[in-house]
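Consider the two complexes below, in which subunit A is the common component and subunit B and subunit C are the respective partners.
Here is the complex of A and B:
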């Protein structure tokens, strides 16, 4: 049996446990807090000799009850959530039956692992900074386990742990930058969804209006080169082709577009996008896009989709060619889909027929429709009235108040009724420019819907009816468009985005956002491609050989450096007194009295005093002082000894070189 | 066989590397370092954390793994540093009887820095732990069971440190050239008649003035060196100061403890002689010791007792 746990270690263990559990509490069922308090209280009572350790029966009951609790509140014992809950429960239960150092060690190791699971649930910069606290406390508990004088002193123990961490930072950075990143070795249960609001696979016009109330970030984009004007930033997410009279939805099982189905042409935009988890597969990009993200594909409606739903922040690079002609010819199935219409909405169909009769060319027809939106009494609002029956008719001719999705849906309906293939595109428009960080931040309230119609040979053309109604929405953003209505983020009174007109607050907010972006890009996003890119920029080519040289060489170099700093081999094994004594010897040797091998301090001084009778007093004074400090165990005062030596040096005639030994020793 | 040969070579190698000396300072030639079982468990935990980092593509999990790996490396330097420069000196040991624990005194001295939780001992016995303050020293008493009479040469002493995290152990085997004299185990028993002559009262010897154990002759004041057994506590409690009961010795025929007059095997005889050496010494009675090959003339006193015990301890060995 290993020895018992020192008190300080126990204290630091309890502190570390609290620090480890804290970030988990939000993800754990409520009863867990009770379990924790119960176990901690029991442990403290054991410590105060007022309770016993649990016996086998009590332990079994506790374990079973906890497992049942996890099963009940997590719907199973498998999966990341349930696994984390079980890990944390073990972490807490172990506290009660912790008797020996080995138990304490198990608890500490569980604690380290619990910190890692906290990272899986939340990897924000602040959480990462916070995690330094539990790690330090766990190390302090580990130091406290050693039977040293530190085992009685809490603060020095913590300081020691902090020192260890600080001294380990350089090597950690080296490993972090150069250690090769691998793809997942096998698939593991991923963190569950917490219901992320965002674009959905189908929408009624009101859905996007609801998104318009959310200040949550969606993604950030950094352009290489100049950022295009915001009126050009139409971030495509998905197309909605099927209309059932109320709801627009996407076509299921769209075929994948072959990579050679379109040729890059015209102006090129290169940018990288850091996406927040959306739990959806689609990726955001400007038209017409290609990405180097492994596994990502382009569907026949020119949107990009990921291999799997985006559950972690995702960084990918995109190249877009806005002038590419998309689908110069439409296949019959495509044509059918782009003209599909349900029955109903007679007035809208009438309008379409009227427009078609008047304008032969589709562009003219579209322009006329936009003019109608612009000239007619149409309003752009986040609070549209609820519509029923023939919703398109009701919107176009009666309420005339709507959000972007109303305009996009109605325009598509009219175009289709007039025989022009058209579809609704959902995504985001614009974004907030962060000048400091040189990127565009897109929020949920930038959600937008617009229209694409098809022209023979010229392919799909983008048209935005919202622009005709509320051009400020496109040119300046939602806030400007809703300025009169005052409904921008009215549900989130505390969102810092509401206070953009307070200059200082706004600068702080942008700086903070910039910092987070850097964190996500350079720390969280530092995976295989990002790493390869960085290393190639630094070293030109990057291969396994260089990896071994840099990682191995750097490691050895850092290790040596740390060893030098810690062990200080240049400080001879001589201590301070001995160093002073060595100077004394050299001084006397210059005056012809070299210490003989094995000669004691006292004998040497006596002999030197005989040879140098005029300085006998100083020589003996020094020797006495040295003896007192060295052997009588009186607290050593280096200064005093050095002072004695100075006195002797002053008393002796100045001499640079050594006297010929023969002169005086004879 | 192989084990013994291996052990022999290991010992020779150690003797070359760390020659026996009364004082040994630990340096890089003399310190070995390896992970402990705890350290191995720690690396398994790190491996699991790395797997979590890889499978979840989580940079922070990578980061923590690397941080703890670096801590492991730093701890290695700290553990080594904690032991290096430590001076270990033999600080003496008192002779013991067979069956007792010899208590070897060790002095650990710091030549500048603090040495935390230094453990010393002869495995498999548990090691003794001490902290050595900067420029200070710590005293340790390491017990070693004495099972045979004669010189007990202490084996190489294990000096180790697991500070600060217990993940690594730095150790050295130092030979402080220490040995303790182990006396035979005193076993009570009767002396054969031939030897008991002097104990009988039949021919009363001449009473002489001086110290002895035979006849009470009065009280005198205590002098350092007097046996405490003879203190007159009653007189002390009456406030008469420390008085010693004085006995006169009967100087009769010299008492001889003779090995050859005893029966039984050698060790049993030595044990019996040892018992009587102690008993007679306690009675402050003069006696001589006659062993085959050595002869100690009758005398009293501590020096005589030690000489007799030493002769008994070393009886039959080459260095006797």
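Here is the complex of A and C:
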């Protein structure tokens, strides 16, 4: 007879299940809610004795149907999403066939596991805080399961669970700080790229305008020392060198830049960047940058790239030297790439020829081009008209309305047509300075494109045609630049970024953002390197081996101490008689007669003698001897008992393994 | 001395047929100076057993039939005005006997019950300001119908605790009942029964019980049993220290009846159902009769060694 599941435990289990499933719902197929409601209702009916447990057939049908459902809605049974869906389905289905305490325990452990898998899908601070709720409810179900005096009352059960959780808090912190961050033992394919927008490897002018509508965060940067003015914050992501008449795209397979190809000079900016997953390999940095991120490299266009696409928030430190001269000499292939132009756009070429005739020096030519943008009837807008045919011509001479990418693309075209090597740089510009946290938050709408042109010996020079059209975009941000048009984030009416002029809301938003940054930086970003750094700061410059030995040794010592305290071996001192008796018991148990806990020596011997009639004399002799020594209060020779045991051992056939009770009594 | 005990048991067993274990328990109870409660349906031989015990042990015997209109004075006795001497003289009640059979104790009101129970505990009674000692030895054998029968007042737990043991006789076995039907009337047998023990011998036996050795290991076992009843959740309440003492004494008497000079765990286990059964209640059913199931649990689960 196995113990049934108490009512309170069942209630808490159902509550816990709801809490566990809730954060998963967004990632689960719709029909899952129905399955869950069905199973919960069935379980309740079983509890009210109005329904029966499913039989084997029904169980098999349920499992097959669920697996088929997952396969159908997730396109397979392998992968993170399908895997979680299967896990959650098991979690829900187990509810129906849960009969005994053991089943309920299985369900509870599954629940803990499901809580952890939620972190795979979402590691925000709020969701981590939320997981305290299901864990508490699961603990309460576990407490209720143990048929204690709390088994009848829901709230004390919950309070007890909460107390347990609070008590485990110091241990949690300790483990968080000291537990070694092991590399993953297996890897799950990460969720697909859908839903993550950002810069792409090629750009038509409209692309960045689309990004300009998105309030998603891209990265945060915190500077050591003063944060530079925002007009200096040109975060390079990639360069676009190839133009096909419509689309700017990057040169594939750029060579890696050797570390000694440029020398640090001038002032240095040090900062760390916490990047949101972009599923791209490039990293964001100010010019000209070096990072200590392992495996990161610098390509020949001076951008930084990671070893693999960034799939999780990534924290890296960068040092930038803005005054470094990049490429004082250009190799012929580079020159060719920086001058490449497709046919077409005759009016732009005409303009280039005209400018070239008037200004001998490239700087003058660039300045004249910027003046043209500044003085001519050019407008900065998020909603540029659609262009066709010779897009550069159409923009420069007809529509004259565009976003940064229009200006950067057109300027690059004209410069190239005038024989000046130039390229489009895509990245982000500016960002929002969070005063409380002292960091810069960059959103997708900070996406930007600007121009670099090359001068002999002075290398690549940055020039931003957007600045000539809409200086407020660079100095104050997109919102100010679009103030007249009113198109800033008009597609996201709920985004708190829209309400930056409400002081209280803005304060709250910035504080919340700061909190999230701290979470990502100090909790999610606390990986093995940071751990080692912290430990070394506390314990001095020890190497890993020594740290592991000391910490591991300390842990083992602590465990031993706790074991001593809990098990109290000094209280379980067995006297000599008892030790001999234990040997007697073990001997007989091997022959199929195990003593029951409530059985006295005499009853046991009698039963054993019935099972082993040939050794009855020795068995009873030993039991009598033990009884007299133990209960009669007659001090006698210790050896006598051992002697009796030896006699019994000799009389019994030699047997090493244990004999089942049933075998001899059958 | 030992032979005399055997002879006593044998004599009782000849009158009360087929109930050897209960007879032995009843004897152990009396040797341990405890009072006995016999609970069973009417007509199962409760009265016969107690009457036989009184005869065999040579004790003066009084029987009080408890009814719902019984008054404390009917048990303890009253002072009656004597016209000739012009004074009140005390007429002792049936309680002043060495073995008192309180028949169907649960038919009387709690007031009358408590008059008896106080006498059991103190060994003396106080009537009209004068304290009068009860005879020595003094035993009470109470019988009661199962409380589920109508017209009964269940004994409260505090009073149940004063009985060392509670026994239940149960229906006789087939052969025993046949012998009973074939044999002569019990009443006639009883009247012919001669006492087998003198008061002195009985006192000596009671002395012997106290001398039976209980080792440390055994007392540990008794403590384990008692502590289990206090710590395990299924018990509504634990055994009292009086119960623990009673258990040990009863086990000693049982050991003496088994002709042993020391107590072993099996002795404790033999008397445990009778000693603890009426003192324990299940938490889930505090008014019910879960005691014997709990005792079985104790016997099974509490480590004996």
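Things to note:
Keep this in mind: the second predicted complex is superposed on the first by the 527 of 666 C-alpha atoms of A that agree within 3 Å, B and C clash if a C-alpha of one lies under 4 Å from a C-alpha of the other, contacts with A are read in each partner's own complex, and residues count from 1 in each chain.
The working rule: a residue touches a chain if its C-beta (ideal position, glycine included) is under 8 Å from a C-beta of that chain, and two chains touch if they have at least 3 such contacts.
Just so you know, these numbers come straight off a predicted model, no measurement behind them.
Residue contacts after overlaying the shared chain place A:113 against subunit B, while subunit C stays out of touching range. In the superposition on chain A, contact of A:392 is made with neither subunit B nor subunit C.
Of the two partner chains placed by the overlay, neither subunit B nor subunit C lies in contact with A:365.
Within the superposed three-chain model, A:630 lies in touch with subunit C and out of touch with subunit B [touch as defined at top].
Counted by residues of subunit A touched, the larger count belongs to B, out of subunit B and subunit C. Taken together, the two complexes place residues 147-149 of subunit A in contact with subunit B and also with subunit C. Those residues of subunit A whose C-beta lies close enough to touch subunit C in the complex are 147-149, 578, 581, 595-603, 627-628, 630-633. On the side of subunit A, the complex with subunit B involves touching residues 105, 109, 112-113, 115-117, 119-120, 123, 128, 131, 135, 139, 142-143, 145-150, 160, 164-165, 167-172, 175-176, 179, 181-188, 190, 312, 523-527, 559, 562-563, 566-567, 571, 573, 575-576, 636.
Contacts from subunit B toward subunit A in the complex involve residues 25, 27, 38, 41-42, 45, 48-49, 51-71, 73-75, 77-78, 80-81, 84-85, 111-112, 116-117, 129, 131, 135, 162-166. The residues of subunit C lying in touch with subunit A in their complex are 213-215, 217-218, 233, 261-266, 269, 298-305.
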